[in-house]
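Labels for the chains are A, B, C, D and E, by order of writing; each one numbers its residues from 1.
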Amino acid sequence: MKKTNNMVAPWLLLLPATVLLAAFTHIPAVMTFINSFYRTPRGNRPARFVGLDQYSNMLSDPVFMAALKNNAIYALGTVPAAIALSMLMAVIVNSAIRGRALLRMSFFLPTVLPMIAVANIWLFFYTPGYGLIDQFLGLFGFHERNWLGDPDTVLGSLMVLAIWKEAGFFMIFYLAALQQISPTLSEAAALEGASRWYFFRRVTFPLLMPTTLFVMINAIINSFRLIDHVIVMTRGGPDNASTLLLYYVYNVAFRFWDAAYASALTVVLLAALALLAFVQFGVLDRKVHYK
Amino acid sequence: MSAMTLSHHTREASFWRVLEIGACYLLGLLWILPLFYAVWMAVHPPAYEVRFELFAPVTLQNFVDAWNAAPFARYFLNTFALITTILVCQFVVCTLAAYAFARYEFRGKTVVFMLVLIQLMIMPEVLMVENYRTISKLGLVDTVVAMGLPYMASAFGIFLLRQTFLTVPKELDDAARVEGAGPLAVLLKVYVPLARPIYVAYGLVSVSYHWNNLLWPLVITNSVTTRPLTVGLQVFASPDQGVQWSVISAATLMTSAPLLIGFLLFQRQFVQSFMRAGIK
Amino acid sequence: APVEISFYYPVAIGGPVASIVEDLIARFEAQYPDIKVKPVYSGTYPETISKALTAYRAGQPPEVAVMLSTDMYTLIDEDAIVAFDDFVKTDEDKAWLDGFFPVFMVNSEHDGKTWGVPFQRGTTLFFWNKDAFSEVGLDPEKGPQNWEEVVEFATKLTKREADGNVSRWGMQVPSSLTSYWLLQGYVAQNDGKIADETGAQTYFDSPEVVESLQYWVDLAYKHKVMKPGVIEWATNPKDFFEGRAAMITTTSGNLTNIKTNAPFPFGVQILPEHKKRGAPTSGGNAYIFNGVSQDKQEAAFQFVKWLSSPEQAAEWSIKTGYIAAREDAWATDAMKAYVAEFPGALVPHEQIPYMVPELSTHENQRISRVIDDAIEASLTARKEPGQALSDAQKEADRILEDYRD
Amino acid sequence: MSGIEIASLNKSWATFNAVQDVSFTVEAGTLTVLLGPSGCGKSTTLRLIAGLESASSGAIRIGGRDVTNEPPARRDLAMVFQSYALFPHLSVAENIVFGLKVRKVPAAERSRRLQRAVDILGLSHLLDRKPSQLSGGQQQRVALGRAIVAEAPVCLMDEPLSNLDAQLRHEMRKEIRSIQKSLGMTMVYVTHDQIEAMSLADQVILMRNGRIEQKATPAELYLRPATAFAARFIGTPPMNLVELADGPDGAVVKGANGPALVEGEGSGLLLGLRPEEIRIESTGIMSAIVQSIDYHGADSILECLVGDQLLQVRVDGVRRYAVGDSVGLDWKSEAMHVFDKETSERVERKALVSASGAGEALALRAVK
Amino acid sequence: MSGIEIASLNKSWATFNAVQDVSFTVEAGTLTVLLGPSGCGKSTTLRLIAGLESASSGAIRIGGRDVTNEPPARRDLAMVFQSYALFPHLSVAENIVFGLKVRKVPAAERSRRLQRAVDILGLSHLLDRKPSQLSGGQQQRVALGRAIVAEAPVCLMDEPLSNLDAQLRHEMRKEIRSIQKSLGMTMVYVTHDQIEAMSLADQVILMRNGRIEQKATPAELYLRPATAFAARFIGTPPMNLVELADGPDGAVVKGANGPALVEGEGSGLLLGLRPEEIRIESTGIMSAIVQSIDYHGADSILECLVGDQLLQVRVDGVRRYAVGDSVGLDWKSEAMHVFDKETSERVERKALVSASGAGEALALRAVK
């Protein structure tokens, strides 16, 4: 009798979440998936089953390929930087440094601001010549640069903004995790003469692993998911140099109104992300929970 | 590091230490700079957007212009209603689910968890048409609930809370269960209080996300009486005739003000909640 | 009971658009007591179409929406809108429909039917900084009249510092968003055509188009009078105010903005000519949606007709800066008074005879993305204009193939 | 009433069998002590009873009801954890009444019980502190308080007094026993302290490597240890075990030319003698040489060489002996325990000697 | 060498003075035990020495160097925490050599020390386990291991053996003492176990409510407790304290018509007699009635009524006494301690009686 109980309880707990998720994520997602095997219906033209056509189209779609490449660079650039910075910030803010309340605030505030507005303000920072960044670099004798108008710098510029916006967000989770580490551990280590760096490397860092796993998965997903700044600042340009996958999906779905192709793209995006996340999760989750 | 170990270091004030602290402050300054800049732009006439003059005339005109561009007062109210609804539901739904994942072993757990994680990766916009259909079948178009429903089972929240619950010492769970606490009581009396900092953090994140969310609310609502702030903010986001940075800055500050002020005011509580929940 | 209709409108300009719309509606409702209009502000142009189509697909479309004129084919292909012809019954209706400038109707008609009605339309204009002109010895009251003069003036106006940094560019044409729109101006002046009226054929790789783009690219790379790379639409006017760009082209919607914010006297004129004068139209039409009941559509028609009647069109134009799309609107007293007060407002009107319709095809957004990419690739020196444009044409052919009979 | 019956309980982790084939019964209203060396499986057994670990096999019955698969909350028991398991976010008072609140005990009753418990535990002035502001012993007392107020029919305690000083420990022990008796609680108590075991228990279960070594009353455990291990485990210093050898008249201490001590052959046997049951007399059963003296406050331990084997002898206070002194060792015949060297099992043999001294140190044993 | 000097140390939290005006010296290479009831400030004192808390006032010198404001790492000491402080993500072996790695001790040396420590501690088979897979006692031994391998000149131990059974505890104690001596470590050791204190310490510091009650050698503490508190704190069961009253020839036990015990007036004084120093003889100094008998394995505690006051008497084994028996109590004159009832301070008074029994139970005291 108790066995069944044990089986029922978790499902009851999961019920509200699963119902909502099914209704607003999974069922629509499955529909999306099914759509990807059809051609987009258009008014007078009904949907037609086209099998894997949409997927093979992708291979010859230069924009998709560019987006794929850009997104890979974007993820590789933003994720480690955001993780490292947020961890650093958390450690700073968790230490007894004077004015840490102010520091915490300055790290965290970018998170609170709406991305659309922030992107607009940053658009201005990147303005060639008199934008904040050129003004600042001008002090050191740098020439003005067309940051967002040059395919070589545009992606990097977006990445800087993304890191600025995200690091403080992840910092909060590291901060919370740091607070959970028993102070006697740092005491024991201090007694042993461990430097702060050593303690960080050998104790704090491993104990933060569950958080890092969490942050990493989220950072990766965000690197594929947050595109507000692309919409506002570059619209993927110039010449698709800053097109990210989801932005492309967004365009296909809401500007080109090609739902089927968008579905196919979404499926590929999801598959890639799922693979990434599950690999990380499968490999790391077991390892990071030492308790 | 405990507070005192560091205080010893401070006393020493070695060269490296000073350098280190300096670097910390520099990082902090760098981070806040864009915001300072936004404030500068917001309180000066547009002509001073790029010219830093200490005695540049200060004006609130930008705020007035921003305020008049849309029925912001009503939008604020709507946003508050939206945030509250979403937050409460998210806390409940996510807590229950996270608890199931963290402390129960049951068949299909991994699969269900992966299914939840999937939501992390799906941009809600992609599912907008389907969701619109669902909402309109439920007869909820143009309501606050409709804006919130797709977000109430937040995979992010479930994932986050699960991670946190996993770090709660097992012995506390044991103790509570021996004391006669059933699963729900254990959850409410042990896990939730111990995860308080995470709730605060998640709350902040969720609030700022939904405070800033635009497309879905724009699509699913039609009337001034339901629409959130961001829809108002959108008035400035159209670049056809060039962006007015002073006004955008003012509008950004104005719409984010409750968040900013809230954060400043509750900064102490916010931090204390971290401190207090710490396991000794 | 009165018929209720909802009206989606975007806001693409500054100013209290929402209250202007509400004003209009209040007056309309006073005149037509059996129709109630619910105004719904629906974000930017792209957001408006997203919202409207999402609602349409879910079975709850608005009755009327203002969307880009260039989205007409998309809307038709989606079967989302109905033609006006069925509602035009009386002579008065006919007169009303015939009253629009023909150039604005090109993007509103297809297959002999009228699918949209010009509501908030614009064009591109040419602005210059009079102080900068004086500084380099040019006549501040006279802008360049043709392509060669533009290069000549711009070369004089471009100011290089000792360290090679350019502190002022002679000419600036924005290229970050709908850059095809600006290209279209050059093409029209070059006596070319970027697409035909069927919405299924483009001429991206025609010599006229290639020359036009080459001229544009040369401004940056050959004559070195324009900032290389893509120029942000949003910062272009700001560059102008800051004295960083002495001459710019931008939308007519910027008239008021420049008038209030330029800290120096400026000149405004229609675009310089090459083989001839030329400029594209732009902006939004009012559309009536499919999938709603007949009487609502009728009411919607009444509303649209009223909205675009001379008095309202004039009022809308005066309050927002859009071009009134019918000659009779320019003849109203209100309009006359306004033009007398602000002569700059007349410049767009001057340009109407030379205007060409904005690029509008089936799968419009996809096609415009293709041509935009080609322009951006050329402006960032990644591709030669000829190469870029022929690639674009191939891609466009592939996309439009399905729509040709 | 709620007796506990454990039948062939086993618990193994991936690599390790922590509890093996453990069976015992705790009569309702009695107190059983689990005793044994560190890591022998005491805590694990307790956690199995509480339902905090699930048994690999075997059955647990409480009050006649099979609870092997019941969750802890359904077993109606209280527990003190070895590591305290205090809720860091709750004050002392809140920690103590945690279970009462869970069980919806009315506020008045709650505060009554709280009051009584903190009086007993001497925590009254600390009610508002958080666990992190308490000393180790205070934390342990809070943990104890939680179990006391529960007044559950079954109470499990895992080393509840290990961090308290002798006096407090003594008081607490008395309180626990009196509460247990007055409420008729069934209690299983883990301790590493023999005195505690001896003075508290109705039954002692001695464990070793996950198995039960001996189940007995305290007196029995002391007086008739079933194995050499049990013999040495109880008593400080532990029982002396000396090897026997065959002698002409019976078994003699190996390597010493003393008298025959027990009947029969001696080789392969061990003779057990508790240090406190050996007395030093001028004329004893055997003679020995003092090798070292260890002072312990109330008494001292002499290490004496008999033949080639060392014997520890406990004497009161600090005597006048010096290292190198030759002394006589004397003991009652009942003080002798014989074990098989191989199996370590107790062997019953007839004693051949009896105390020769004048003192009446070891009087006839009477179990109280 | 690294002796420790503590001068007028104070530590207060917002609401509470945990350590008040504590001064003592630990000679280099000796072992000092901090003893005292739960919550008296032992751990706090230790943490102050380690530098884990900063002193509110006072000074700490180690090896002659003022370290009051030095960080812990600069104090060159090892510590065993009352709550173990094991790193949950590291294995037993990694936990133990953590500090050695920090200090960059070469791998060979590291594994040598590790090997020795785990042999001593009996942890060899657990090297790869994580702390969460260990029993309480095993965790404690790992914590101990960390301090042992450090071989630091100063070592602080906070109840390092509280979760071990008597035998292991006894062995560990011997090992700790031998390591401490062989390495010439200066050690401060907190325990609540008097036997441990008595058998380990070169010096015992008895604390109470944050203050030092007595500093002395173990023997001195036992033989000449400075206060009534010290007297009762050492010894189990604790010293009997009976009230004295004025008698015709000197002070007598209040309420009993016995002989005069000490010179002078008796009112306002307390007489201390340790249970183990009272012997039951047919003819004793005073007569008493047995009230209760408590069996404790190796010995029993009789509670005897003298006048209206209860005295505890420790006797070996289980005697033939029964509740209600009338017995004679006897003791040596040195066994009597007199305290002022008011101040609780020791008072020196000449004894008027001496043991009348035949036994030589309390021989002349010789401090070893």
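A few remarks follow.
Everything that follows uses one rule, which is that a contact is a pair of C-beta atoms (placed from the backbone, for glycine too) under 8 Å apart; a residue touches a chain by one contact, two chains touch by 3 or more.
Just so you know, these numbers come straight off a predicted model, no measurement behind them.
Annotation of chain A and chain C: jointly contacted by B, touch as defined at the top.
Think of each touching pair as a link: the shortest run of links from chain A to chain E has 1 of them. The fewest steps needed to get from chain C to chain D, moving only between touching chains, is 2. Top-ranked chain pair, ordered by C-beta pairs in contact, is A-B. In this view the innermost chain, defined by its CA centroid being closest to the centroid of all protein CA atoms, is B.
On a Cα centroid basis, the chain most remote from chain D in this structure is C.
A straight line joining the Cα centres of chain D and chain E is 21 Å long.
Work out the mean CA point of chain A and of chain B, and you get 15 Å between them. Annotation: 57 Å between the Cα-based centres of chain B and chain D. Rounded to a whole number, the gap between the C-alpha centres of chain C and chain E is 93 angstrom.
Touching two or more other chains at once are residues 2, 5, 7, 49-50, 129, 169-170, 214, 234, 237, 243, 245, 277-280 of chain B. Touching two or more other chains at once are residues 50, 177, 234-235, 238, 242 of chain C. Among all residues of chain D, those that touch two or more other chains are 71, 83. Considering their complex, residues 1-3, 5-7, 10, 21, 24-25, 27-29, 31-35, 37-38, 41, 49-50, 92-94, 96-97, 99-100, 104, 106-107, 109, 112, 114-127, 129-131, 134, 149-150, 152-153, 155-156, 158-160, 163-164, 166-167, 169-170, 183, 197-198, 201, 204-205, 208, 211-212, 214, 230, 233-234, 236-237, 243, 245, 248-249, 251-252, 255-256, 259-260, 263-264, 267-268, 271, 274-275, 277-280 of chain B touch chain A. By the touch rule above, chain E contacts chain A in their complex via residues 50-52, 71-79, 81, 83, 85, 87-89, 98-99, 101-103, 130, 132, 146, 150. Note for the complex: chain A touches chain E at residues 182, 184-185, 187-195, 198, 202-203, 206-207, 209, 290-291.
Interface residues of chain D facing chain E in the complex, by the touch rule stated above, are 13, 35-39, 42-44, 82-83, 133-138, 140-141, 158-159, 162-170, 192-195, 198-199, 218-219, 222, 232-238, 274, 276-277, 293-300, 314, 316-320, 359, 361-368. Across the interface of their complex, chain C is touched by residues 46-47, 49-50, 68-71, 128-129, 132-133, 136, 141, 214-215, 218-219, 222-223, 231, 234-235, 237-245 of chain B.
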